[in-house]
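So that you can tell them apart, the chains are marked A, B, C and D in the order they are listed, and the count of residues begins at 1 in each.
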Amino acid sequence: MKILVTAFDPFGGEKINPSYEVLTRLNDVIEGAEIIKLQVPTAFYVSVDRAIEKIKEEKPDVVLSIGQAGGRFDITIERVAINIDDARIPDNLGQQPIDTPIDESGEPAYFSTLPIKAIVNGIREEKIPASISNSAGTYVCNHLLYGILNYIKKNKLNIKAGFIHIPYLPEQVIDKPNTPSMSIETMVKAIETAIKVIVREEKKTTM
Amino acid sequence: MKILVTAFDPFGGEKINPSYEVLTRLNDVIEGAEIIKLQVPTAFYVSVDRAIEKIKEEKPDVVLSIGQAGGRFDITIERVAINIDDARIPDNLGQQPIDTPIDESGEPAYFSTLPIKAIVNGIREEKIPASISNSAGTYVCNHLLYGILNYIKKNKLNIKAGFIHIPYLPEQVIDKPNTPSMSIETMVKAIETAIKVIVREEKKTTM
Amino acid sequence: MKILVTAFDPFGGEKINPSYEVLTRLNDVIEGAEIIKLQVPTAFYVSVDRAIEKIKEEKPDVVLSIGQAGGRFDITIERVAINIDDARIPDNLGQQPIDTPIDESGEPAYFSTLPIKAIVNGIREEKIPASISNSAGTYVCNHLLYGILNYIKKNKLNIKAGFIHIPYLPEQVIDKPNTPSMSIETMVKAIETAIKVIVREEKKTTM
Amino acid sequence: MKILVTAFDPFGGEKINPSYEVLTRLNDVIEGAEIIKLQVPTAFYVSVDRAIEKIKEEKPDVVLSIGQAGGRFDITIERVAINIDDARIPDNLGQQPIDTPIDESGEPAYFSTLPIKAIVNGIREEKIPASISNSAGTYVCNHLLYGILNYIKKNKLNIKAGFIHIPYLPEQVIDKPNTPSMSIETMVKAIETAIKVIVREEKKTTM
């Protein structure tokens, strides 16, 4: 089994992006699955293009995208991506779409095809707080998840895809009072656990 | 130099107390100072009695108490203890004093005699969020800090004392939505950094 | 112009539902539009059935649903409803669907057809905090919004529809520490402002 | 009975101070007591001087100070003032004392002499959320409360004094996401209720 894991570069004035910090620390093989790592820019459309290029090249069974959700308390597994871009701040290429459909010909929304409840339970069993999120926002994170699921659906590919949001790292909240954070070790363990669950559930389904 | 570090046992329905988890993981020597470790019960008066016994026995230069402040986001260095017990829940001995002075003959409050700002800065330099707290509450944490400072003051001892509150561990917030937590590794590093700062500042003062 | 406004009965252990408290205080005519008021039960499917009955009976131009979002800080205008029921607690009829599509033949999501950004701006101009929400959750609120938009879409009706979530009332948070609330006067003013904006925008479109 | 109520002018970039908005709306007679209203500047020392001048002039039985505590969720009745100034931002006169005792000859802290628990209960009975606060901070609010109690104590006056913090008004949080607020009507009712409780408790004591 081959799993493509994507992460973003820093945005919104941050010097690091915890998703990339986690990505570089993931093992290359988890639960027997080969892990392909890809950093994409925090940019509308370009992020999706890069992911699709890599999907064509690597033909993964699963695409798991990771992103920073500053202000959230726990690991959140996204349930759905909606067909809208609405950016509060410009992306890393200066693009700031407002109330714009991502793909006029796409569906209003796509649900994650990962086993989101099993992932939540698996992470919690490792004593790390996790929950389902019903909104990936309307910025680049939602855009990337929508773009990948839209590409898979339109091309009738047999690929599962989903998105996990992770909190700020402690060093990012030093000047942000009353803002939650999570250590890099905890976040790496959470994402590795998520991947283990995905592999196990995938094996169940395919056997 | 000898530093007595105290921590509490679990209370309020929790199965663990992060302060004790940190205590057991501290090195026995930090920055050249000998670390004496003491767990005290989460109980009014008894906690102070145990600490005083140990102070008499070990004659430390510094007493640093650690406690859990569930719901706080960062490492908080307490500035002051006030002369009041007001318990929202019973302590581990079933005591629940309401609006009761800790010591009728004590001062209304005692300020921590540790270098609280230097500790905050030292922890933040290690990329861990920390801040000053102006209230240790009115439960056993405030009680212990007040009791130790009161004992030192009344007996004119040359001992510095203070209190650091630490957040919940991740495993404690799994069923507490929107509640911040901090990993054990981060908290141990923060407390060891605090002790290093205390030792350095103490050396400055005494030279 | 005729506007059907719906609100819910209390749920989840609450004695009142602020949405119903607001509903009963709305003027019968706002900005020239006739206001039809309907309370629906906090129950999957039945809430939608009641709303559809009333839509058939009254043939409104607009359906605005209001619901309680305990824990939110401001007036939130919902952007979208998704095709899923996932109930953390049973509804008022004891139903607790888990990860169940609302309508197998419906679209994955429907976007609100109300002028959501104009409503946010209008309420903020009245000095009341308001914002867009990208998730109405997966409980009865999302269900009702989805059900109404699904009905309108499938029947090709010329009706606009949307949903506004309001915070707890002050009296609901007396025993909920660190939970935001909003006064009934403020919430009534916010909803009346939302209706004024809807009427004005609707007139612009139809002229 | 005569009650001096003080409030502050706006500070920290705010255009209004809810404490002053409440002050101007208080009845001139509450529960038979005459209400003397005084606005003081948000400034160290000068605020206390103004309050003391007015105390000398009016000889009130009670001094109740009100201040804004942005970010708090409910009406908070302060328990204690501590002998320290530590300003995160300059006051309205540009003063920014850091870790400075308010009065070298004063006590480390003074407890409010108002019936704080009875006030909390009275406000909650009016369906408004309220609680005890164990810290008035280290800015001008704590300074004023300390200054007034210090003056009363040193001059052995028979005057009760205390402090109530109130949240932001809704209009203040329009550009502050996830920040709680409270309507002016609710806050006026809460402060009038507090005064009624003070009068009733005072009458009990003095009879």
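Please note the rule applied: contacts are C-beta pairs under 8 Å (C-beta built on N, C-alpha and C of every residue); 3 or more make two chains touch, one makes a residue touch a chain.
As the structure is a prediction and not an experimental result, all values here were calculated from the model.
Visitor: Minimal path length between chain B and chain C through chains that touch?
Guide: Tracing touching chains, the least step count from chain B to chain C comes to 2.
Visitor: Compare the CA centroid of chain A with every other chain's and tell me the farthest one.
Guide: Between chain A and every other chain, the largest centroid distance is to D.
Visitor: Using mean CA coordinates as chain centres, what's the gap between chain A and chain D in Å?
Guide: 48
Visitor: If you average the CA atoms of chain C and of chain D, how many Å lie between those two points?
Guide: 39
Visitor: What whole-Å value do you get for the distance between chain B and chain D if each is reduced to the mean of its CA atoms?
Guide: 30
Visitor: Mark out which residues of chain D touch at least two other chains, giving numbers and ranges.
Guide: 178
Visitor: Using the touch rule from the top of the page, what pairs of chains touch, sorted by label?
Guide: By the stated definition, chains touch in these pairs: A-B, A-C, B-D, C-D.
Visitor: Give the list of chain D residues in touch with chain B in this complex.
Guide: Its residues touching chain B are 79-80, 82-84, 86, 99, 107-111, 117, 132, 134-135, 137-138.
Visitor: Which of the residues in chain A come into contact with chain B in the complex?
Guide: Interface residues on the chain A side: 73-74, 124, 127-129, 131, 170-171, 173-174, 177-183, 185-186.
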